[in-house]
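Below is one structure, written out as structure tokens; the observations come after it.
Naming follows writing order (A, B and C), and every chain is counted from residue 1.
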């Protein structure tokens, strides 16, 4: 009896999630063509293609990842390898954990206040990528620290025994050993950045011309899907855009979980 | 807001310069214009005195109207400004008061701070602003399209998409030159806008520019407005 | 160097909070009414917070039974193979961009339903938001149940309890701290979600001032109004952001307390 009920619930969840993804891909992919992906947008994105949107997506998401990885890994390394076991370090850990719980729209609000208005970058690619980088920081730090934590202590002791400094140990034995875990974490962050709209809506602006500089406005995929929806654009176009977005996120996720599975072996 | 981007697209295709255009009704927009990060702004309300004092200048490029729209099944064809005020202040609860069925009224508005909201409040004179709101006219159109109770105001280009019924205000259709909810849409030039901006402005106010303006759902400027001298 | 970077990141929490409070300065006295009507200069943050709590509460009502059901299925009945696939599916759901759910929900559920029921429109939002936080409840719930010593359920069943009795009387109560933590984290995620509420809720000004289900969560108010707000209105939106920030941090802090046995 109980087994039947729980199985039914699990099947329901599988059905809803599988149905949602299947529907998006089945209804959307036929509309995804070379010209949709490569031609310029026209009429506020209701006609033409996704080229400026995809360009902005690559620039903003890629830029955010480039910003977040060195900062995030530095913090992860310090927390895991250098930090003395003391109360205030524990507080620092807690603050970083707290960062992970801040809603994305608030990162957007902060980025708008600090980067767009405060530093005068306006709505721009630069503002959006800096904002997303802040949003992704706790995620990259936590997965990075976790990856370093799982490196066996023998590696540390071995390197030390050979006379390596602490930094050399980190650089030449720990990072390579932790690399798959670190990369998995970065990929998860990448997926999150691709799907983020609220923070981007407040920081990137909405222009649809091919961006020429980092200070130009832009509209990445997820934000574009929102704009198409409120404009009541052609449903086929909405499905196709959703399929591109979901497809990209799925590819990133599957790569991450494939790497994660390899890691466990 | 009016798709100024379409005009910029055509201008660029004809070999003109590319411009970053920003909505001005916002802090970040004004800042971008004043610091020269955007060459041009767009606005649907008159500039505030303090904005003019900081060197911003508005140049009208067309008119838009706020069309009052209801569900297609709604038999009401005309509302007075006073009726609209009653509905917006929740003092008229049923369409039967205006010759419609006994269905509740449900006014949809734009968010406070938007140009459309400013014009609506000024012309209709509503003070008690408590109702469902949408961040874009196209969303108001969709909300009204699905709801027999609803009434809202949208720009001309949203009306053209269909699905909603336009009604008269004070007996006047929105095409009437004296329609009360009519307003200028303007480009805003900042103190740091490059001189090339004026070529684009002249293009928008040329016969071809005005043709595109009309195609995209604005009412073109009248002859006397077009002949007012512009130079900075 | 590494230490400075880390401390800088940790200080971000304070920086964000202080920035919001600084921006909210001009509105500080206007923030405490029960309705949010910017045109009247009334910026009652409790109205927005009320909207957020209501929507998130509804989402929890949907996600909790289903999520715990999935967690029990995962820990009690699913073989290792099914377990792995179901977990993977939950991961995919967790990574699903919320704007996709919101967009399709608006077009194919809310708009298709029309004016049949205001209440149902709210229920649709609960459902979509519940779907979004389901993975949080299910995965954290499953790990809470997994953390129980294995002798537990065998012992109970050996004593003649049915599986259901074992679950109801023993497993769920024993794992309640972990389940509570999962619920809190999911709740925190739901009050912070923007795109689904922005697209599906009827975005009402006014809060509790009228006798209708008026809902305007903090997140959608910020996303919708920041681009055109100036002066005290903008300050009030930052004030609302500060309150939401405080609420999220508080929720996280309580959840972490329960996480440590």
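Everything below uses one rule, namely that contacts are C-beta pairs under 8 Å (C-beta built on N, C-alpha and C of every residue); 3 or more make two chains touch, one makes a residue touch a chain.
If you're wondering where the values come from, they're calculated on a predicted model, not measured in any experiment.
> Looking only at which chains touch which, which shape fits best: line, ring, star, complete or other?
complete
> Relative to chain A, which chain's C-alpha centre is the most remote?
Centroid comparison gives B as the farthest chain from chain A.
> Name the chain pair with more contacting C-beta pairs, choosing from A-B and A-C.
A-C
> Report, in whole Å, the distance between the mean C-alpha point of chain A and the mean C-alpha point of chain B.
For chain A versus chain B, the centre distance works out to 37 Å.
> State, to the nearest whole Å, the distance from the C-alpha centre of chain A to the C-alpha centre of chain C.
Using C-alpha averages as centres, the distance is 20 Å.
> Pull out every residue in chain C that's touching 2 or more other chains.
198, 223, 227
> Can you list the chain B residues in contact with two or more other chains?
27-28, 134-135, 142
> What are the residues of chain A that contact at least two other chains?
Counting only residues that touch two or more other chains, chain A contributes 112, 230.
> Can you check the complex and tell me which residues of chain A touch chain B?
Listed in rising order, the residues are 42-44, 112, 116-117, 120-124, 205, 207-209, 212, 215-217, 230-232.
> Can you list the residues on chain A that touch chain C in the complex?
It is residues 1-3, 5-7, 9-10, 12-14, 16-18, 20-21, 24, 71, 74-75, 77-79, 82-83, 91-92, 94-110, 112-114, 134, 137-138, 141, 188, 191-192, 194-198, 201-202, 222-223, 225-226, 228-230, 235, 238, 242, 245-246, 249-250, 253, 257 of chain A that touch chain C.
> Using the touch definition from the top, list the residues of chain B that touch chain A in their complex.
By the definition above, chain B touches chain A via 3, 5-6, 8-9, 12, 18, 20-22, 27-29, 31-32, 35, 37-38, 134-136, 138-139, 141-142, 161.
> Under the touch definition given earlier, write down the residues of chain C that touch chain A in their complex.
1-3, 5-7, 9-13, 15-16, 19-20, 23, 66, 69-70, 72-74, 76-78, 86, 88-93, 95-104, 106-107, 131, 134, 138, 163-164, 167, 185, 188, 191-195, 198-199, 219, 222-223, 226-227, 237-238, 241, 244-245, 248-249, 251-253, 256
> Where on chain B is chain C touching in the complex?
The touching residues are 23, 25-28, 90, 109, 111-114, 117, 121, 126-135, 142-143, 145-150.
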